[in-house]
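Below, each structure is written out as structure tokens.
The following pair of complexes shares a single chain, chain A, combined with chain B in the former and chain C in the latter.
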Partner chain A sequence: MFAIVDEKIDVGALIEGARRPDCGAVSTFVGTTRVDEAGDNSVEYLEYEAYRPMADRKLEEIGAEIEERWDVGHVAIVHRVGRVDPGEASVAIVVASPRRGPAFEASRYAIERIKEIVPIWKREVWSDGYVWVGSQVGTRPG
Partner chain B sequence: MFAIVDEKIDVGALIEGARRPDCGAVSTFVGTTRVDEAGDNSVEYLEYEAYRPMADRKLEEIGAEIEERWDVGHVAIVHRVGRVDPGEASVAIVVASPRRGPAFEASRYAIERIKEIVPIWKREVWSDGYVWVGSQVGTRPG
Partner chain C sequence: MIEVLLFGAAADRAGTRTVRLDVKEASTLAAIWPLLADRYPDLASMRDTLAFAVNGEYAKMDGRVEPGDEVAVLPPVSGG
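Take a look at the complex of A and B:
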């Protein structure tokens, strides 16, 4: 399952959906909004924008790369767009595999690749303004 | 939170409980019952036994080791004992950290250390008999 969504990500349901009888390991990564601070100011929330449908296709591409490289039974990547409040998940990656090594490696690979190739941009909204951070790719679109 | 439990592990709730405003990454590992097959026979379920309260203390020790080595905001390790059916979780590890590197490394470390130092034993119950497997430590107690 590869999806870009507007609403809260239900990580528990994604993990439930990854369970398979031929897999003994499920590795999950969740990226959440961190409240950075600078002087008297702090991050109030994050806002993500995706360039679609390219972003959807790139998530699927990462899934295909993982299935080529590792023995995995299930891969799910869900990225949220729009406003994401502190502690809420912006991205969830769930990989089930027969053994734990590939599950750990593939979930780590997925988050690194998302930041490399998926056209999603992040805006940090601070108490005193905002800043676009090139977390997912280098620059803003257009 | 470090616990040995008899009932189903609620992984979603553990992840919810790990969210902190100063952390941007949550890495989770779930070990589940895998249905291995050999000829006409297959694993029907797993059964875990713990030597307590030593096992509880060892889980806490692993948590302390992680907090010494990495910048983490939250560590939870829950291991189930008794019968664990296919696809169900026997162990869940949740690590929240400001950044993703330490979260991945610490959750991997936790499962390796559980298998090294926590006195928990696993019995594979096959359709044609059972076998104790030294997954958690080398030998059965006494």
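Take a look at the complex of A and C:
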């Protein structure tokens, strides 16, 4: 399952959906909003936007790359767009494999590839403005 | 005519998310970029950080663009 969603990600359901009798390992990576602080200001939430349907296709490509490289029984990647509050999940990656090695490796690979090729952008909304992550363009002072 | 979609910081810099350019024959991204950069000078300074897509797939500057195509201006991606 590869999806971009604008509601909360149900990580539990993704894990349940990955369990199968021929797999002894289910690895899960969940990326969540972290509150950074600078001086008296802090991140209030993150906001993501995607270029669809290219972003959907790139998630599927990552899934295909993983199935080519590792012995996996199931791969799911779900990325949220819109506002994501502190502690909430922006991305969840669930990989099931017969053994733990490929499950860990494929899960790590997926998050790194997302950051390379999937057209999704993140904006940190601070108490005093915002910053586009990666481009450092925004309205924050200094 | 081609439609140009801008995202993230590029949309901020241009002050718009879509631009229509009057392109009447086959061209390249390299030839189209100056049309955008002239219209949106604040976008021009981002050039080295930008990637481009034509009809939803990454393309290099010599990539072909035909009338009716969708071009996307992509700042550094930052999903996850």
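What we mean here is this: the second predicted complex is superposed on the first by the 134 of 142 C-alpha atoms of A that agree within 3 Å, B and C clash if a C-alpha of one lies under 4 Å from a C-alpha of the other, contacts with A are read in each partner's own complex, and residues count from 1 in each chain.
What we mean here is this: a residue touches a chain if its C-beta (ideal position, glycine included) is under 8 Å from a C-beta of that chain, and two chains touch if they have at least 3 such contacts.
Note that the structure is a prediction, hence the values are computed from the model and not measured.
Undergrad: Give one of first, second, both or neither to describe whether A:D22 is in contact with chain B, with chain C, with both, or with none.
TA: Touch partner of A:D22: chain B, not chain C.
Undergrad: Quick one: is A:G31 in contact with chain B, with chain C, with both, or with neither? Answer first, second, both or neither.
TA: A:G31 contacts both chain B and chain C.
Undergrad: Is A:A13 in contact with chain B, with chain C, with both, or with neither (first, second, both, neither)?
TA: It touches chain B, and chain C stays clear.
Undergrad: Once the structures are superposed on A, label A:V5 by its partner contacts, choosing first (chain B), second (chain C), both or neither.
TA: After superposition on chain A, A:V5 lies in contact with neither partner.
Undergrad: Could you say whether A:P86 touches chain B, chain C, both of them, or neither, answering first, second, both or neither?
TA: It touches chain B, and chain C stays clear.
Undergrad: For A:A64, select first, second, both or neither according to whether it touches chain B, chain C, the two together, or no partner.
TA: After superposing on A, A:A64 lies clear of both chain B and chain C.
Undergrad: Could you tell me if A:R108 is touching chain B, chain C, both of them or neither one (first, second, both, neither)?
TA: First partner only.
Undergrad: Which chain A residues come up in both lists, the one for chain B and the one for chain C?
TA: Overlap of chain B and chain C footprints on chain A: residues 31, 111.
Undergrad: Quick check on the complex: what are the chain A residues that touch chain C?
TA: Within the complex, chain A contacts chain C at residues 31, 48-51, 53-55, 57, 79, 90-91, 111, 114-123, 132-138.
Undergrad: State the interface residues of chain B toward chain A in the complex, per the touch definition above.
TA: Contacts found on chain B: 10-13, 15-16, 19-35, 86-88, 96, 98, 100, 103-104, 107-108, 111.
Undergrad: Would you tell me which residues of chain C are touching chain A in their complex?
TA: On the chain C side, the touching residues are 5, 7-10, 12-13, 46, 49, 53, 56-58, 72, 74-80.
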